[in-house]
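There are structures below to look over.
Two complexes are shown next, each including chain A; its partner changes from chain B in the first to chain C in the second.
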Partner chain A sequence: MNLTLKIWRQKDSNTKGQMVDYKVTDISEHMSFLEMMDVLNEQLINKGEEPVAFDHDCREGICGMCSMYINGEAHGPDRGVTTCQLHMRMFKDGDTITIEPFRAKAFPVIKDLVVDRSAFERIQQAGGYISVNTSGNTQDANSIPISKHAADEAMDAATCIGCGACVATCKNSSAMLFVGAKVSQYALLPQGQIEAADRVRNMVAQMDLEGFGNCTNTGACEIECPKGISLDNIARMNRELMKASLS
Partner chain B sequence: MALNSRVPEGPIKDKWTTYKDKINLVNPANKRHIDIIVVGTGLAGGSAAATLAELGYNVKAFAYQDSPRRAHSIAAQGGINAAKNYQGDGDSTYRLFYDTVKGGDYRSREANVYRLAEVSANIIDQCVAQGVPFARDYGGLLDNRSFGGVLVSRTFYAKGQTGQQLLLGAYSAMNRQIARGKIEMFNRHEMLDVVKIDGKARGIIARNLVTGEIERHSAHAVVIASGGYGNVYYLSTNAMGSNATAAWKIHKKGAYFANPCFTQIHPTCIPRSGDYQSKLTLMSESLRNDGRIWVPKNIEDAKAVQQRKLKPTDIAEENRDYFLERRYPAFGNLVPRDVASRAAKERCDAGYGVNATGEAVFLDFASAIERYGKEQAKIHNIENASAEKIYDLGKKIVEAKYGNLFQMYEKIVDEDPYKTPMMIYPATHYTMGGIWVDYNLMTTVDGLYCIGEANFSDHGANRLGASALMQGLADGYFVLPYTIGDYLSHEIRTGKIPTDTKEFDEAEKEVKDRIDFFINNKGKHSVDHFHKKLGKIMWDKCGMSRNEKGLKEAMAEIKALREEFWKEVNVPGSANEMNPELEKAGRVADFLELGELFAKDALERNESCGGHFREESVELDGEQKGEAKRNDKDYAYVAAWEYKGEPADAVLHKEQLEFKDIELKQRSYK
Partner chain C sequence: MSGFFKSSIGRKVAMALSAFFLMIFLLMHVSVNLLSVFSEETFNAASHFMGTNWVIQFIMQPILIFGVVFHFVMGFVLEIKNKKALGVPYVKNNGAANSSWASRNMIYSGLVILAFIVLHFIDFWFPEINYKYIEALPADPTRYYAELHHKFVSPLRVGAYVIAFVLLGLHLAHGFTSAFQSMGITAGRKKTLKSIGKAYAIVIPALFIIIALYHHFNH
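Let's turn to the complex of A and B:
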């Protein structure tokens, strides 16, 4: 198929960016979206132009590095996938595809489609851990029985890959789904109880400091999340925060 | 230099304990004055950085990704082994040790593997304490599953993303230390060289991938945890950025590179679909528990399937060749990875492949669905259940077990694997070879350590499923933090290492010159053009089956390709900005050297063992006819290569492997 691409080009964080049109031809429906981008870049390099910079690494939907806003949707039109898992069979011959970076005040553009998501790092550093030494002197793993239900729910929250699609999708650029998932994973497990109050307070405070917006329950984040992280996690985070403020 | 493995004396069971009792320690007040650099933040690097910081050292950690959490350990699906014996099925430290040495086809160092098995149980305790949500049973205790090549259930798992959960555990431990100021984290940085002063590793030169700035970082010891070199094949299950540059640079500065030809080709990957393919996707080994692998028995059927004129479901049972079950009745579809991969290649080479290019075999769940369906019908007291009812009931069970994998397959291939068999083909997955290290995990350069997949590892010539995660975390959490202390105890009077010395000047200049060359060269071809060519040579001549003629050709072709690369490579953009093509150029330049050493090592090892199959070394008769033939008399050693300028001139050093606690046997899965 032949396609027109409208791609956000921006030299660096200090330069103003703009949309630029490109044409690609003979794209196979079996290609992944990023393989289509590879074809474009090979074309640009051979013409002596600068290829489009974009983040990607594992190309199997787990590292959370890829981050494109395609036709107005984080990770594009398919559901439950990251950009790297999106395939060209989702598009038709002659389509025009708009490709932008994940936009949010807290995710400044570094170059073209690459954004800086270090705000997520700082939120996790504020409390996204259990303070246990890695000395190997911990108690036997089976001495802490955890109900299958709690373990499964914690696992569902832990599947978050930290890609930032929730932020890019949210009209308020809220990071509540991400932070909610992190807080929930630990809140659901007995190991996480001891520091629960401090954790949620610190992580939420850092989230606010980074300039993420608030949640107005539109639920767009849940729909665009490639891992299907549930809105319940936001409710749980709010509950934990309430509990912490009363303790 | 003679290789000294520094394995402690004494019975194998006591070596590690006695060793820990006797090593020198650094007191807490002195640790504050000692700096350690860790390159790579996967399971090995992440766990090492966290633990070293916790002990009190000042750690500087480097990752090329935008977060430590994105290192490729994250993609591991199946699980992590540990000798907990929670299932009471006869597992023990010795059995895990034995399985690992046997699975590795007797090409690993006994003492290291024993230690690995010994600390494996600790890993699970540690991860649970960190909040890793492992799968549990209804009683609230940890669940286990079984993997290929073993007879017990010792694999712990977190759905199909054990790697991500373990990495997030290590990452959370890192975050705690970053918050305390004990780890200084350098995301989007790539190490481009190591700096040696008076024979000791004293720092690195790194490039800030956002600004392009070249930076100097000094330390009292340097730890390389940068993963494997599977991308030398261009197509592999590795991440796009996975590279061998850190390992190759230290090799060029004196660290020996061991067994580069030991590479794992994983049997169950999604086949390539065209020339544009950028990477291959693995389907977890756990699928082989229920899936049956087959190709058509008749060549006419195979041709018809290739041309899409015949559907696999229309081929009658008696016209199918379940070749693993036929060749290996004892282990069937669960033979180790190397054996399964070669058997698939053998059928495809003979013309029986099942996709358009003839490079795929079927992985079929129809009989599993039927078996589970009948079982469920019985459980639910459904009499005379129709075929559809049985299918529906069985499908539900298969969905519960492998749903996410089936969904992933459908997204990529656009076929429903519940209705038509999956197509799979082997792909490069893991490299057992790597930087040679002694018992302390130190390379042949003082103060330079190498851990995780980057070292030549405990897996010998073939790694068992769910053992990579175990080794990475064992090295980082429990082994290196001890062994490095012994070395650093001699560094307490050294003081801060300055970076304004001639050694740093020289290393930085070398790095900058190379970058300038790439930017100014303006050749005819992109970096990928050369990488793809290298990958083709490696796959065709250093792939699942190797012979003398092909390996000699590979060496010559890679050398020629390397020369062409340095003349004709085209890198757009400039050095002082984010420039992904420039990053790739440096990595491919190193792969072009490593590939030649790989072929040389494969040529030198004229035996078949594990993932390394030499056509000249097969059993000629008896029950094992046609199977790989290991040669313990001449090749029971680790081949450690010393850099001498050109890869072809590398000098071989042998570490003889002694097997005192395990008897050497030919592997048989018949």
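Let's turn to the complex of A and C:
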């Protein structure tokens, strides 16, 4: 298929960007979206032009690196996928596709479609972990009884890959689905409950400090999340913070 | 605890608490108004009680005004903070693909409701305050029905009220479950709460509309 691409080009974080039109030809419907971008970049390099910068790593939906806001949606029009898992069969021959970087004040553009998502790292560092004594006396995790329900819910929360689609999608650039998932992942397990109050307080404080917006409960983040992280995690985070503030 | 209400989540909880208070008030307001459709005497008696009982006048009324002002001010504060969090606007953004119109436009439905409250105060509250406390006219337990009935002669006013109530319905359609979610209760997933929310968002504004139309067409 032949396509017209409208892509955000921005030299660096200090330069103003703009949309630039490109034509790509001979795209197979079996290609992933990133493979289509590779074809475009090959064409640009052959013409002596600057290729489009975009994030990618594992290309199998695990690392959370690939971003892109495609035709007005994070990771494009498909559901439960990252951009690397989005296939060109979702588009038709002759389509015009708009490709933009994830937008949020806390996710500044580094170049073209690459954004700085290190704000998520700083939120994680603020409390997204459990303090474990690794001196050799660590208790076997299997010796701590955990209900199947709690284990499943914690695992569901832990599937968050921190891609930032929730922030990119949110009309307020809120990071609450991400933080909610990270808080829930530990709050649901006995190992995480010891530091639960400090964790939620510190992670929410860091989230606010990074300049993310407030949650309006539109539910858009849940729909666009490639891992289907549920809004229940935001509600749990709210409960955890209320509990921590009262204690 | 004061630190909690300075956090993004704390502000949402405060917003939800004021929303619960206002939703209870709406239920009470529509119940009293509904009496005007069935019995002039009962409506007059209820209005006279509401308008002269000192607990309602001097304790409940100031709390209500504070609740309304707080909900609006906090709504604006959150909106300004949210706008600050946004980056360069998207060239193409398909919000309808993942969220309802009502959920994305709470500030606009809220602004229409604010404009309506101003109109409503000019129509009913200011004349009432003037009657009772400024001109200090003698109490007349039979005046309320006629005052209400008279206000709905103008089709323009009725039209404005109907539009405002439709927007109120949209505001509640998202606001009801959103308030529960902010309080940590996953209303969106609990079938009963979700159904109550939908019913509340339809029935309350619909009753207000029916009452306005009833008085307009019964002159």
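Note that the second predicted complex is superposed on the first by the 246 of 247 C-alpha atoms of A that agree within 3 Å, B and C clash if a C-alpha of one lies under 4 Å from a C-alpha of the other, contacts with A are read in each partner's own complex, and residues count from 1 in each chain.
One rule holds for everything that comes next: a residue touches a chain if its C-beta (ideal position, glycine included) is under 8 Å from a C-beta of that chain, and two chains touch if they have at least 3 such contacts.
Predicted model, so just to flag it, every value in this text is computed and none were measured.
By the touch criterion stated above, A:Q206 is placed in contact with neither chain B nor chain C.
Between chain B and chain C, the partner in contact with more residues of chain A is B. In the superposition on chain A, A:T169 makes contact with chain C only, while chain B stays out of contact range.
In the superposition on chain A, A:M155 contacts chain B only, with no contact to chain C. Once the two complexes are overlaid on the shared chain, A:S184 sits clear of chain B and of chain C alike.
When the two structures are aligned on the shared chain, A:K105 is found in touch with chain C, with no touch to chain B.
With both structures placed on the common chain, the touch criterion links A:P51 to chain B but leaves chain C unconnected. Of the two partner chains placed by the overlay, neither chain B nor chain C lies in contact with A:T82. In the three-chain superposition model, chain A touches chain B and chain C at no common residue. Interface of chain C with chain A (complex): residues 1, 3-4, 7-13, 78, 81-82, 84-95, 97-100, 103-104, 106, 174, 177-178, 181-186, 188-189. For chain A in complex with chain B, the residues that touch the partner chain are 11-12, 28, 30-32, 34-35, 38-39, 42, 44-46, 48-51, 53, 55-65, 78, 80-81, 85, 87, 89, 110-111, 114, 116-118, 120-121, 124-126, 128-136, 138-142, 144-148, 151-152, 154-155, 158-159, 161-162, 185-186, 189, 191-192.
If you check the complex, the residues on chain A that touch chain C are 6, 8, 17, 19, 69, 71-73, 77, 98, 100, 103-109, 169, 171-174, 176, 204-205, 207-208, 211-220, 223-224, 231-232, 234-239, 241-242, 245-246. Chain B makes touch with chain A in their complex at residues 47, 50-51, 54, 65-67, 69-70, 72, 74-75, 84, 86, 119, 122, 124-131, 133-142, 158-159, 161, 163-165, 168, 171-173, 175-176, 178-179, 185, 187, 210, 237, 239-241, 273-274, 276-279, 281-282, 407-408, 411-412, 414, 477-478, 526, 528, 570, 572-573, 577-578, 580-581.
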